[in-house]
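Following this message is one structure expressed as structure tokens.
Letters A, B, C and D mark the chains as written, and numbering starts fresh at 1 in each.
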Amino acid sequence: MDLSVRIGSLEMPNPLIAASGCFGYGLEYEEVVNLASLGGVAVKGLFLNAREGHPPPRIVETPSGMLNAIGLQGIGVHRFIDERLPRLREAGARVIVNICGTTIDEYVELAKILSQEEGVGALELNISCPNIKEGGIQFGCSLTGTHAVVSAVRKATTLPVIPKLTPNVTAPATFARAAEDAGADAISLVNTFLALAIDVESRRPRLSNVLGGLSGPAIRPIAVRMVWECRQEVKIPIIGMGGIMDARDALEFMIAGANAVQIGTANFVDPFVWGKILDGLTSYMQRHSIARLQDLVGTMDTSAPAAAHA
Amino acid sequence: MIVRMSPLDIDATVISNVRLSADYNVLTLAAPEIGAETEPGQFLMVKPGLGTDPLLRRPFSVFEVLRDDLGTVRAISILNKRAGVTTGRLYTLEPGARVACLGPLGTPFTPPVNGGEAWMVAGGVGLAPFATLAEALAALEVPATLFYGARTGEELFYLEFFERLGVRIVLATEDGSRGTHGRVTVPLETALGALPAPGATTVYACGPEPMLAAVARLAARHDQPCEVSLERVMGCGLGGCYSCVVPVRSPGDPQPHFVRSCIAGPVFDGAAVVWE
Amino acid sequence: MDLSVRIGSLEMPNPLIAASGCFGYGLEYEEVVNLASLGGVAVKGLFLNAREGHPPPRIVETPSGMLNAIGLQGIGVHRFIDERLPRLREAGARVIVNICGTTIDEYVELAKILSQEEGVGALELNISCPNIKEGGIQFGCSLTGTHAVVSAVRKATTLPVIPKLTPNVTAPATFARAAEDAGADAISLVNTFLALAIDVESRRPRLSNVLGGLSGPAIRPIAVRMVWECRQEVKIPIIGMGGIMDARDALEFMIAGANAVQIGTANFVDPFVWGKILDGLTSYMQRHSIARLQDLVGTMDTSAPAAAHA
Amino acid sequence: MIVRMSPLDIDATVISNVRLSADYNVLTLAAPEIGAETEPGQFLMVKPGLGTDPLLRRPFSVFEVLRDDLGTVRAISILNKRAGVTTGRLYTLEPGARVACLGPLGTPFTPPVNGGEAWMVAGGVGLAPFATLAEALAALEVPATLFYGARTGEELFYLEFFERLGVRIVLATEDGSRGTHGRVTVPLETALGALPAPGATTVYACGPEPMLAAVARLAARHDQPCEVSLERVMGCGLGGCYSCVVPVRSPGDPQPHFVRSCIAGPVFDGAAVVWE
């Protein structure tokens, strides 16, 4: 059985990638999961410099989901290269570095710096973080901005370039097209949905940042729809995510059009989820006689609905 | 720096649920594999029930590590106080129910150096990490005292447990129904003032944040080392989400930094924490 | 204690309105709840003519939510006026008629017809149904379309005009502004989020219509954010909705900026929810010494977050 | 046309849970107020447990209305078959658990007119509405037969219950382990063929949709009236959501229309339903 997937020059043995911001720098999970067994590890979003992030409270639970406004606390790209990347390389992880900037130049500089390092598998451009004003969301919410930042990074690196799209727009597929036109190797979607939770007793927001990003199973049906829409619009690989909790959810994204998937919030609920999903994928392939998992991508059959009475 | 055993995830069966009061209960869980690895001050990430609402696990100190007559670990327990949805469910569970338990997690308490005394300061459900610490102290033959405060005398639990281990007990209640009338920091302050030498007594504290801040300040003023176990909303317990941060000052760096309390804590040097 | 709220000429004793499509034509619930005790009843979306709607399956449950693609099955405005409106009037319900058209002229015609009838309290313009191509969503996803349909209906009626906004856009607040500029008396938001659920065993969509609209608690944090954004942008009353299950949720919307709220999906889970929410609102007002519930609207205090340790 | 009593919502305690097989169980619920109002063929909307996942209630036929020796209704039961998340939970519930029950809902079966016979045709869990119907038929002294099909003989339940009411029983199993080998429509067809006069026997059916379609066609071919109880995914059970529609043909109107099965059904005239 072949579960492999390729994104530009990045070859992954399976389509399961740890979602950025939900897996630290990967090393935090070394005792729980063999990092080499994952398709890839998207590390916590990195700026050029270290950042403290927002004061707590930084997360709050909502029905079947959670809001976060971490504010991209991070060690900056240089400490990442010095302290984490060598250990990730040793562990055999396929590293996807999620990069954030406030200007196109910063994205380009990050791309150049990371391109010189051994062990970086791909760059995921975070142009969709809803929690900080300067987190690139100004690019992610404008078609010309998306095109500009992707083109600029494209010219600066030979690494696979994967812009991560926001769901907080009318038509994500138009952004997918802009990204493809600008030379992206793949797109990731979705980042979190901009949201608000208020404590009614104190009438105050539950997060220090007021607004946060909604992730988890609550958003899954919307994210699946967006992946499907993007699949109609672009040919490049799609990395789908949003509330994947088990193999069935991962398969749902793939059938909708995702070539690979990221798993974020589920990892908090069950850090051992990786092995369970991988097992689920292989048993599905057996059950349905699917030799290459990529053959499943985008195969939703709209000729008739599923029987309600299974 | 960050010391951690590989945590285990055990779908533990509830062995018993003893309701201590209208808000507190002790839930005994068949997760001996976790108990065998747990050091005092470590915690679990717990989820009772299926489905995605509630979605995330919740952090709980390991309360007791329960052994049979031969000393083999048979179970663990948690001391639960009702505060919201998950703690509410944990209060109602019946034997046979299942609770997913991930642990042990976090940095444990450091045993006292230089053979001094150990003082444990507990506020309310902050008693939880001290049952295992008291056992460890007894095994090390460190003289131990428990300063234990609660709202009322009816919310003071497990006193016999600590007495049996030879722990001296000092009580305080906010309504004056038992022990000193007022906060637990009142008898603590008196006792710290009566101590002869600085540094010979290690103070361990767990409870509401204002209490921890007060204990840390008192310990610093009397030149005694102090470790506090902090509560934070925790998304993952493993360092993955950066939700649980605490501002601490590193030696030599005037600028405080956020560190993740699930891995750098929950036990911190009381002098390093930047209290609000 | 004063729970009343006014939307143009429509005076309601309390802010709780049954959401369109979730309460039939109101009469279905007569044995369960006294219709006069509700602030209002928004009836199932009506076209000029009767419609059969989509074939089943029309709903599917998702984590803390549900997708629906009913396809606006309905009896048409004339049968509504003949068969249902008199009984609603008798029951003392304050009726909000949710109207749908494929052209501006249809909205205008519906508005004119309904304006002649006694017992119609307001018109809610459904320009946001995600489930049918011809359900006015083309107006709801365009600023000029929204302005045009609201202006046209505004000229055709003296009834309160309440366009219902879609959440499937980048900036709902700009649509709120367009609606206010065009003379709307209030806005309703949110309608459902466009979403997709796939049965992985058959690889078929779970709904006959392929796509459906996500409602229920899953969407609440996003809906609350949108209400808050719109509150910064417009002065007219806002009717907020999306996943309200209890009094606390209703208060969350009001604190974010809603003058009234609609309750949809919760009504399926518990048709007796109305009395419980009303009780919850009054006990909150007592606890917080609030004499007029409208004084709570838009009072979120962003100076500091709620304490995590309550 | 649409007859309905005011439904009640009762947070019913589970009195007992009898597991009949690996997939079937009977859950007895303390909701006598609903039982007292229930007519054969009506249903409940049920939700076990708190939280919003799963979110919606699920429809269940009232299986038994349980009375004490004086005839006072004490409880109701449901016959549950595991199919997914809610039915899975209902299978595992222990006495003391709570299940929210809204009911009775829907249009019941119509008793046979003109003093004829009543034939009940059940497929699998489709047995559920026939316990109360059999009781009502016995009270009306209508001669009754139960045609009951299942996958295997081990999934044929409550036969004694029906025997005690004087119901004649005809069994069929797909694996041939008991009764006729094959579908329940096989012995039904034979029996219908042997009937003397048209219209004297009312056929009631509940089970998988293909079975219902077959039964309706057989009844029509033999000129016997037929009522079918249809399963639909139901969002509300009260006519609020329009999720549960069934295409039916009204007399004199060639065009089928969607009607809501929660209020116009779940019991329909088999001849009116437009089968796929």
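What we mean here is this: a residue touches a chain if its C-beta (ideal position, glycine included) is under 8 Å from a C-beta of that chain, and two chains touch if they have at least 3 such contacts.
Small disclaimer: the values here were computed from a predicted structure and weren't measured.
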| item | value |
| --- | --- |
| Graph separation of subunit A and subunit D (steps between touching chains) | 1 |
| Euclidean distance of C-alpha centroids - subunit B vs subunit C, Å | 48 |
| Computed distance of Cα centres, subunit B from subunit A, in Å | 36 |
| Approximate Å spacing (C-alpha centroids) for the pair subunit B, subunit D | 55 |
| Intercentroid distance (Cα basis), subunit C paired with subunit A, Å | 33 |
| Sequence positions of subunit B contacting 2 or more other chains | 51-54, 232-233 |
| Multi-chain contact residues (two or more partners), subunit A | 56-57, 63-65, 216-218, 308, 310 |
| Topology of the chain contact graph, where touching chains are joined (line, ring, star, complete, other) | complete |
| Subunit D - residues contacting subunit A, complex | 52-53, 83, 208-209, 231-233 |
| In the complex with subunit B, residue positions of subunit D that touch it | 49-54, 85, 89, 94, 96 |
| Subunit B to subunit A touching residues, read off their complex | 4-7, 9, 47, 52-57, 100, 102, 232-233, 235-236, 238-245, 257-258, 263 |
| Residue ranges of subunit C in contact with subunit D within the complex | 21-24, 28-29, 31-32, 44, 52-53, 56-61, 63-66, 68, 70, 73, 216-218, 245, 265, 267-272 |
| In the complex with subunit A, residue positions of subunit C that touch it | 55-57, 62-65, 67, 141, 168-170, 193-208, 210-212, 214, 216-222, 224-225, 228, 243, 248, 251-252, 255-256, 284, 299-308, 310 |
